Each structure stands twice: as C-alpha cells, then as structure tokens.
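Mind having a look at this structure? Questions to follow.
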Amino acid sequence: MDKEKILKVLNETLALGRKDIPLGEVADYIPELGKADKNALGIALAGKSGNVYTAGDAESRFTIQSISKVISLCVALESRGYDAVFDRVGMEPSGEAFNSIVELDLVSGKPYNPMINSGALAIVDLLLGKYTFTELLEISRKLCRDDGIRLDERVYRSEMENCSRNRAICWLLKSKGIIENDVDEILKLYTAMCSLSVTACSLANLGLILANDGVDAISGERLLSSSTVRVVKTIMLTCGMYDGSGQFAVEVGLPTKSGIGGGLLSVVDKYLGIGIYGPSLDKKGNCIAGGAMLRRLSSEFGLHIFAP
Amino acid sequence: MDKEKILKVLNETLALGRKDIPLGEVADYIPELGKADKNALGIALAGKSGNVYTAGDAESRFTIQSISKVISLCVALESRGYDAVFDRVGMEPSGEAFNSIVELDLVSGKPYNPMINSGALAIVDLLLGKYTFTELLEISRKLCRDDGIRLDERVYRSEMENCSRNRAICWLLKSKGIIENDVDEILKLYTAMCSLSVTACSLANLGLILANDGVDAISGERLLSSSTVRVVKTIMLTCGMYDGSGQFAVEVGLPTKSGIGGGLLSVVDKYLGIGIYGPSLDKKGNCIAGGAMLRRLSSEFGLHIFAP
Amino acid sequence: MDKEKILKVLNETLALGRKDIPLGEVADYIPELGKADKNALGIALAGKSGNVYTAGDAESRFTIQSISKVISLCVALESRGYDAVFDRVGMEPSGEAFNSIVELDLVSGKPYNPMINSGALAIVDLLLGKYTFTELLEISRKLCRDDGIRLDERVYRSEMENCSRNRAICWLLKSKGIIENDVDEILKLYTAMCSLSVTACSLANLGLILANDGVDAISGERLLSSSTVRVVKTIMLTCGMYDGSGQFAVEVGLPTKSGIGGGLLSVVDKYLGIGIYGPSLDKKGNCIAGGAMLRRLSSEFGLHIFAP
Amino acid sequence: MDKEKILKVLNETLALGRKDIPLGEVADYIPELGKADKNALGIALAGKSGNVYTAGDAESRFTIQSISKVISLCVALESRGYDAVFDRVGMEPSGEAFNSIVELDLVSGKPYNPMINSGALAIVDLLLGKYTFTELLEISRKLCRDDGIRLDERVYRSEMENCSRNRAICWLLKSKGIIENDVDEILKLYTAMCSLSVTACSLANLGLILANDGVDAISGERLLSSSTVRVVKTIMLTCGMYDGSGQFAVEVGLPTKSGIGGGLLSVVDKYLGIGIYGPSLDKKGNCIAGGAMLRRLSSEFGLHIFAP
C-alpha cells in the first residue's frame, strides 16, 4: 500500500475506535492516572522500511504501565536466561485478573506468568542489582527508538503512594522465597518502569523490534536475541490481555500487551509494530477503542496469526 | 526435503521421543485405557501434496479421547455459529486441570473454554438433536480421511461405567441452565466421540485440514469455513494442552490438542498436519514422548508460530 | 414463670419478629416453596414438664427442609456409629453457602460437615438400605411427638424436578468414592426427608429431646444416646446456620438449625426445645423473624450457652 | 474433689498426654521457637476458690503466641466496642489454616474472624494509638495474675525477622482499607503481644477470668464486661483451634485457644480455667498432648458444653 492509502485506513480505523470511547472509563485508582483525557486516541504503525504512520494523538505522552512488563521480561531473559526466569515465574495464562493474589497463594506456589503483577515483580527482582533504573531507561529508549522517554515523576509518586496491594504481593513472594531483594527497592524499580512516559509511536517501534526478530530494522543492530523475542511474543499472545487474553487471541490474533495508562503494544510478526493510545478502558483494564481498532485491522488485512 | 530425508528425520525424532517413554505413565483411571502398550510410539506428517510420511506405530488404532473436542468444536461452530457457541462456553485458558469443577462453580458462571471437559460437554449439548452419532462419525472419517474410524465399544463401555465426574459436571451445567438436553444423552454422545478409534495418520490428516484453511488438500473440497478453522487453531494454541498449554505454546508454538488415549494432533499452519500416538503420558495428561518430539521438530525446522 | 407470663413473652417476641418479615424473601427457587405465606409466623416452646407453649402460626404445616439433616445425622450416628459417619463427612464449619461445591472439590476431599448439602447427602447414603423412608418417617414422628407429619407430595415432586445441583453434588461424591448407593435413590430419600411436613410445635418437641439428653421428657424413654445428642448439638452450634453460623453462635448462642421452608429448630440445653416457623428468609437462607426472636429470647432470659 | 484427688487426676492426665508427644513436632519456622524442649509438658487448673492445681512443667515460661489474640480481642471489645470490632473483622469460622490469604482476598472482603492472623492484625490496628505495649503488658499481667510476664526479646526479634507473610497480610488489609495505622507499628505490636512469656498457670488464671464472667475470682474485681467475655468464649469455641475447631468443639466442647509456642488456654464456663504447655504440635499447629488431655478431662468429668 502507498502512504496515502495507509493513512486513510488509519484514520478510518481511528474513527471506528472513537465510537467505543464512551463505553469505557479512565482508570482512577491512581489519582494521577485519573487526570487523563478520556477522548484522547492515537495509533501508530511502524514498518520495516523505517516509516512510522500515525493518526490521532500518536505523539501524546502517557505512562507505559504494564507494557513495561514486556521490556522487563526481555531484559531478564537476555541477562539472566530462560531457566532463571522460569524457575521463578510460570508461563501459564491464569484466567484471573491482573492483580489476583489467590492464584499465587493457592494453586501454584509461583506466579502464573510474567504479565500479571506478581510475576512482573518477581522479574524486576531478577533485574535489581544487575541494572540501575537509568540503564533500564536507556534500554527502553533504545527499544522504542524514543529519546523523549522519561520518568513521569507525578505518576511515579502517585503510584508509590497507592501500591499497598503490590507491596502485599511482594511480601508474599518474599515469604515464599521467590524474591531476594529489598521489597522497597523492587517496588521503586517496578513502579519507575511503569511510570515511563511513552507515545503510540514509541510502542509501535518496540513492536517492530519484536516483529523483526529482535533486530532494529533501520540500523540493522540486533537488540534482542531471537529466542527472547519468540518467548515474549508467545507470552504476550497467551497472557497479554489479562483475563481477556483468550478472547483477544481468537478475535485479533496478534501478540499484544495493554497498560492501564491506555497504551497497547501489538505485533504483526515479521511485518509491523503497532502502538495505540486511548485511556478509556474496558472492564478488564484494556484500551477499549484499541480493541475495536485491532479487531478491524486484523480482519481487514488478514493479520491474525492464523489468517489464511 | 525429499521423501528419504523426511523419513530419516521422523525416525530420528521417534528415537528421541522414545527416551522419554519410561518417564510417563499410561492412563489407568479407565480400566480399558490401562491396557495400552506403554512403549507404542508413532508419528505421521501430512503435507499439502497429499503425501503422508510416517514412522513407528503410525497405523495403530487408539481412542481419540479429548482430541474429539476439536472435531465437536468445529462442527458446533459450523452448524450453530460463533455466537451460540461462545454464549455458553468461554475462550479463556483456565490454568486448571482438565476436569476441574472449581472454576466452573466459582469464577465464571460458564465453562472456561471448549477444551476442558465442562466446555466440551456444553458443546456436545449444542450438537445433540442436530446430529446423530452416525453423522458425527461420518464427519470425523471425512475430516481424518480415514474410513477405518469406528466406535471402540470396549472403551466406550468402560468409560460410561466410569464417568461419575463428567456426570457431576453435566448436572452442574444443567443447574446453571448451560445445557438443555438429557444428561444421559449428552454423556453418551460425548463418550462415543471420545471412543472413536483413530491412528496417528488420521490425526495428521485432520491437522492438515486445519493447516489448509479448512480445505481438503487433495480433493480441493472445503470442509470447514476459514473462520471456524482460525478460531479452533487459536483455542488449541491457548488451551489445548490443559494446564501445560502456556509452556507448550512457548516451547513448541504449534496449535496442538492432546488426548489421554495417547494421541496428539498438531498443526503447522499453512503447511502440515502432524499426528502422534504414544500412550505414556506426562503428569498433565499429555503424551510425554510427543512433547519431546514436537519440541525437536519445532526448533529444528523453525515451525514455531513466531519462528523468525 | 407461670403459663400466662410465658405466653405474654412469646406474643411480645412474635410482635418483635414480625417487624423483620418485610426485610426478607420467601425462597422461590423451588416453585412449590414460593407459594408460602410470607407473613406467617409462629413459635413454640416445649419444656420438660411436657407443656408446649405457642404463639402465632405454631400449628401451620410447612416442610422441614434442611432441618431434616439433624434427624438424619441422629439416625446415622445411632445406627452406623461416630467413626463411620465422620470417616465420610467432616465436622468443620465451612465459611461457605449451603450448596457450595468448591470446598468439596478443592480443599478437603470430603464434605466439610453434615449440615451442608454435600455432607447431608453422604449421610443419607449411610442410611439407605438400613432404613426405608417409612421407617424414617416413623422415627421423625416419634422424635417430634407429631403423628401428623407426612410427606408433602407437591413439594417433594417440585424439588425432585429442581434438584440438578444436588444431583451434581451426588455424582461428585460418587466419583470420589464417598457414597455407595444409587444416586437416584439417595436423592429420593434425601428429598423425601426434606419434604416432611412439620409445625413449629413438632420442632419444639424435637428440640426438647436434644435438650433432654436424648430422652423423651414425658414418657421417659431414651430415644437417642447421650453421645449422639452431644455431637449433634455441637455441630448445630458451629454449622447449623450456614455461613451465618459464627455470628449466630455469638449473638444467640443456642444450637440451631434452619430450613429454607422457614423452620428453625433451637435447643436450650437441659431446659427447652424451641420451634419457629416464618418463611420470610434473610440473605443466608435463615428465617429472618426467627433470628430476631431468638436473639431477643436469648438476651432477655440468659439462654446463651455462655450466659453468666 | 479434694486437693489430692485433683492432683492425682492431673498427673494421670499428664501421663496420658505424654504418650502423644512423639507424634507431634516443635514449630521451627521461627528459629527461636525451634529451640523449645519437645518433651516439656505441664498443666494448671485455676478454680474459683483461688487455688491453682498443677502438674508437670506448669511454671515453665514460653511465648503466648496466638493465645494473645484472645487478650487483644478482649481489650478491643472493651475499648472500641462490638460494632467497631466487627465492622472490620467477621466472626465466621473459616475452614482454613491460620495464615490463609485466599479467603481474605477472594470471599469476604474482610478477615473471617479474630482468631486467624489477618483478623488479629486488624484487631491490633484498633488498639494502636489507644494503648502502648507497656499498657497491654500490664493488662496481660493482670488478666493472667502473673507479674512475671515479660517480652521475650529473642523470640520477638526472631519473629520480626520472619514475618514476611504477616507483612503481606497487613499490606493486603491496608489496600482494602481495613487497617489504618503504619504497617510496621502494627507488626511490632502484634509480634510483641505474641512474644509475651507466660506459663500454664498464667493461662489457667486467664481462663478463670473468662469462666467467671470477667470477674477476678479472688479480688472480686471486674476486669472484663460480661458481654465481652461471652463473645470471646463463643469465638474461641467456633474458631480457636484453626481448621480443627469444629472437631475440637465436638470432642472436647470447651472454648479453647492454641498458640504455636505450645500453649493452650481453655475455659470450663462458670468453673475453671485450664492452662497447658507442650510445644510438640499436631499438624494443625495445636499442642498435641494438650488435645488428648482435654479430651480426657472433658469426657471424664463431663466438662463438654453439652455434657448431660
């Protein structure tokens, strides 16, 4: 498709997504997040040619939130290896909401997967000591090709003041010997990673790295190993959308991770990275307009992993 | 690859799988199943050319068991439609074992997905009245390109005598208004479908239909719609291996369904159907040698959905 | 107290209870039960002297429902013995609603206690073969000093048509080897016992037997052993009011069992049996006016087991 | 009974209890507790006359552990009132182990009862600010008539170093708005109360206060209100022995609370307080010899609440 055609499609998709915005709600359990503009909506597509196509608020900054779990998992797999990671955290979808404690306590003895809070906190524990926040910020900037990424101090502080549940999860992990570092340090690093300010474009670029086997399509530099990227995409597919992951895989069929800041990171394997921003969320905590937009793009352009 | 090369690979893979046989156990909670030869092992590959390549006990008959859930789901989607099916049964992985009742009772109000017993029984309820067993047998033969498929009477009777738990699940579904037909009729049809005698070759052929967008590669006849096949493959990928589905998706990355009779049905989308028979099972109830064989084939030939 | 004083107290208590009737609801999940008169309310006190004092609708017939669990447990303990009973059924309060399946499946491997449906069905299994329904009816009449007790055929049929959940529980018990008899026979006997038509007076008489160490206060005949009566009263105290048992023990402090037909059986140990009828139920399925009446009687007359 | 007879009975009971010691284990999850002498065993009876009868190691000091939950509940009821306490904490037996988080998270939204850790931590939160530890120590000494009670510093430090799970529970309570004070302050006060060093005699005296309607039998001073004492005894009966509470109520029938330090506090209402020390614990965390001893005393002397 030529550029004009692509932009036309993106704008039509945006218009379609916009219809769902009123059906969702902005997350407000963290006061600072509640200030987001409910009607904001943007989408970006990054292709292997190096071009990034956008529509709507694709340059607006918002916090990455749970999508940082993807970056943390990538870094942990690269630096600690597959076995060290999955000795501590499972890779099974949980059928539970993002912040469930039940499953951790009752069933498995370890967090179900790295995409729920308990698993992500255990992953951050693996990074602590190996990486400073500044280094992880640098890595994030590189993976997203976005030097504008910074720590959103207000969101960070607001979340640190409202993290009792994550703190409970950490102490439970501690009591089971799953984490080793100081709980406060883990929470600070985890929350800082969640408070990175990104744009739909940043996420599209990150998606492209994952689509392109871990290689930066423009510079040709390998940023992540092939195996890391394969593992991460699979876990995004089976666990990336909380307890809506199964339905999302059936209907959209793209490895995708959502954040309650309104972001969506989606991967069209071998071809494209997609980033979406829209802070109006559905009941499972996923960007409501983004779901509609990805369903549309997937069906119209045959992007589903099992499209014929 | 030429034929000889393929057969060499299959035989090497078989030898590799054989090493894991002693680590597993034959299912014996149904007496008739306990009589299987623990050391049996076979594999079949069906390609779009129409050739089926085999190694080991690829022509041995065994009962299809839970792999029949795939056929039932296909027929239900074709005849009742997506909405009717998923109004009754979810599509989320459950993180639970195949016969869990907890999740049905506590969490969701409907079965998590069509690959666990509660979901499959609800699917069979949708087929009852629309299809006789004879018709479903005919459909199964056609999808598997195998006229030798028949009802294994001894297994059928043995399972009917040991189906108290499935009966409990049915009555629970009944009490929640999820099933409509007579419980005994549902159990008979469900158990009959589980008692179909297939071979690794049958399963490879079924896998090829799913790989080939629902079209019989040899006759060119469309047997299943494109959308049915897409849905079924996705659910096989996220839910096909019980509470080992997530790990299997990461390590193998092929839509696969197991049965406690020892069968594995696996799909290399767009290319191949794979059927495996090996009644020695791992702790999650999946063919233990088959897991090793598929991991090997996937990594050696880059069959993972997210292989570069 | 003389008779007039007692009747005055009972009528005042009735007036107090009546105020709570509008706050409750008649059970309607069994159609026939839904026909009860929501405003009916009666109370009966049976003392060791042989006198029964009543107020309100104390002679109205209603079905005994879950209070039959007390009779079944008494008979099972007498005929099968303590060990046989508690090998199959626990004696721990469950913290769950009366028809929970979760706990049976997940936690314990056997029903928590004989006052929830799963436990009571296992108890009835112990009685089957040893007793016909006619014999159990005879025993019930004797324990209640009420020859008017009969099977309410309409309620029985209505419940048999709506017992899918109990049927599910039975099959689950069967699959775990906890029950031995035919499920249909168990359900029939269990449901027949639940469908016995009693009055507040019948229940007061039954309560008196339990208060009087198992001895009929009038005839002097021992109907139940001392140890049976002690076990039954303790279990009524800890488990008799479903997931409201703990609060009821704190506030009222009398071994009490409720039925969704609106009955309450309560025991003032060593002194009195109390029977109450009022089909308007609170959210936990207990007679709402009866709760208020027993709280009042307990505090006014110091009937709490730990009253000073 | 005269004094000699009583002492004879106590010594026989002690000999009986001693037989069960080898069947249990000393708690060792807190290192300092693991140092206890497994074979220690003592019992004390305090009667209203003011006499305390003892046998065995009735003067040995050990830490009160969970029995402090009884003291905290008494003080909270006296100072904050019934409604403030039970707005925050339920009064239902849980059917779960002492340190379960599942139930708190999943089912109720508040801790099941004040005898499990989550409930007791919420009770301590109610005391913080109202009472210093020194004041609570003074109250404990008075209730136990034992000025020798002090903080066991080594146990306190050992427990503070091993309280990750309690810390997790606190943060979960915090995230649900059930506790208000600083988590660290709550844990310190809770742990300090658990680390009070008592003897079997101390506990017998405390039991006597509860048996005697809250009045010190010797001085005649009322230390606790009648209603507090009634509530506490009922909750000890239904919830005092963790997930063995139901069976203990059936078999012994005395309000009793255990601590993993090996203590048992038991109340023969209106007559006696009983204290036991024996650090060999059964699988539910209750003093194994003490269970046998109380069963014996209860059956031999008809102490069961429903003894004829």
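Lettered A, B, C and D in written order, each chain numbered from 1.
We take it that a residue touches a chain if its C-beta (ideal position, glycine included) is under 8 Å from a C-beta of that chain, and two chains touch if they have at least 3 such contacts.
Given the structure is predicted, the values throughout are model-derived calculations rather than measurements.
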Neighbouring chains common to chain C and chain D, by label: none
Averaged-CA centre spacing for the pair chain B and chain A, given as whole angstrom: 32
Intercentroid distance (Cα basis), chain C paired with chain A, Å: 55
Approximate Å spacing (C-alpha centroids) for the pair chain A, chain D: 48
Where chain A touches two or more other chains at once, by residue number: none
Pairwise touch network: line, ring, star, complete, or other: ring
Pairs of chains found to touch, sorted by chain label: A-B, A-D, B-C, C-D
Chain A contact footprint on chain D (complex, rising order): 100-102, 105-106, 164-165, 167-172, 174-175
Chain A partner contacts - residues on chain B that touch it in the complex: 90-96, 103, 107-108, 112-113, 213, 226, 229-231, 233-235, 237-239, 243-247, 249-250, 253, 255, 269-270, 304-308
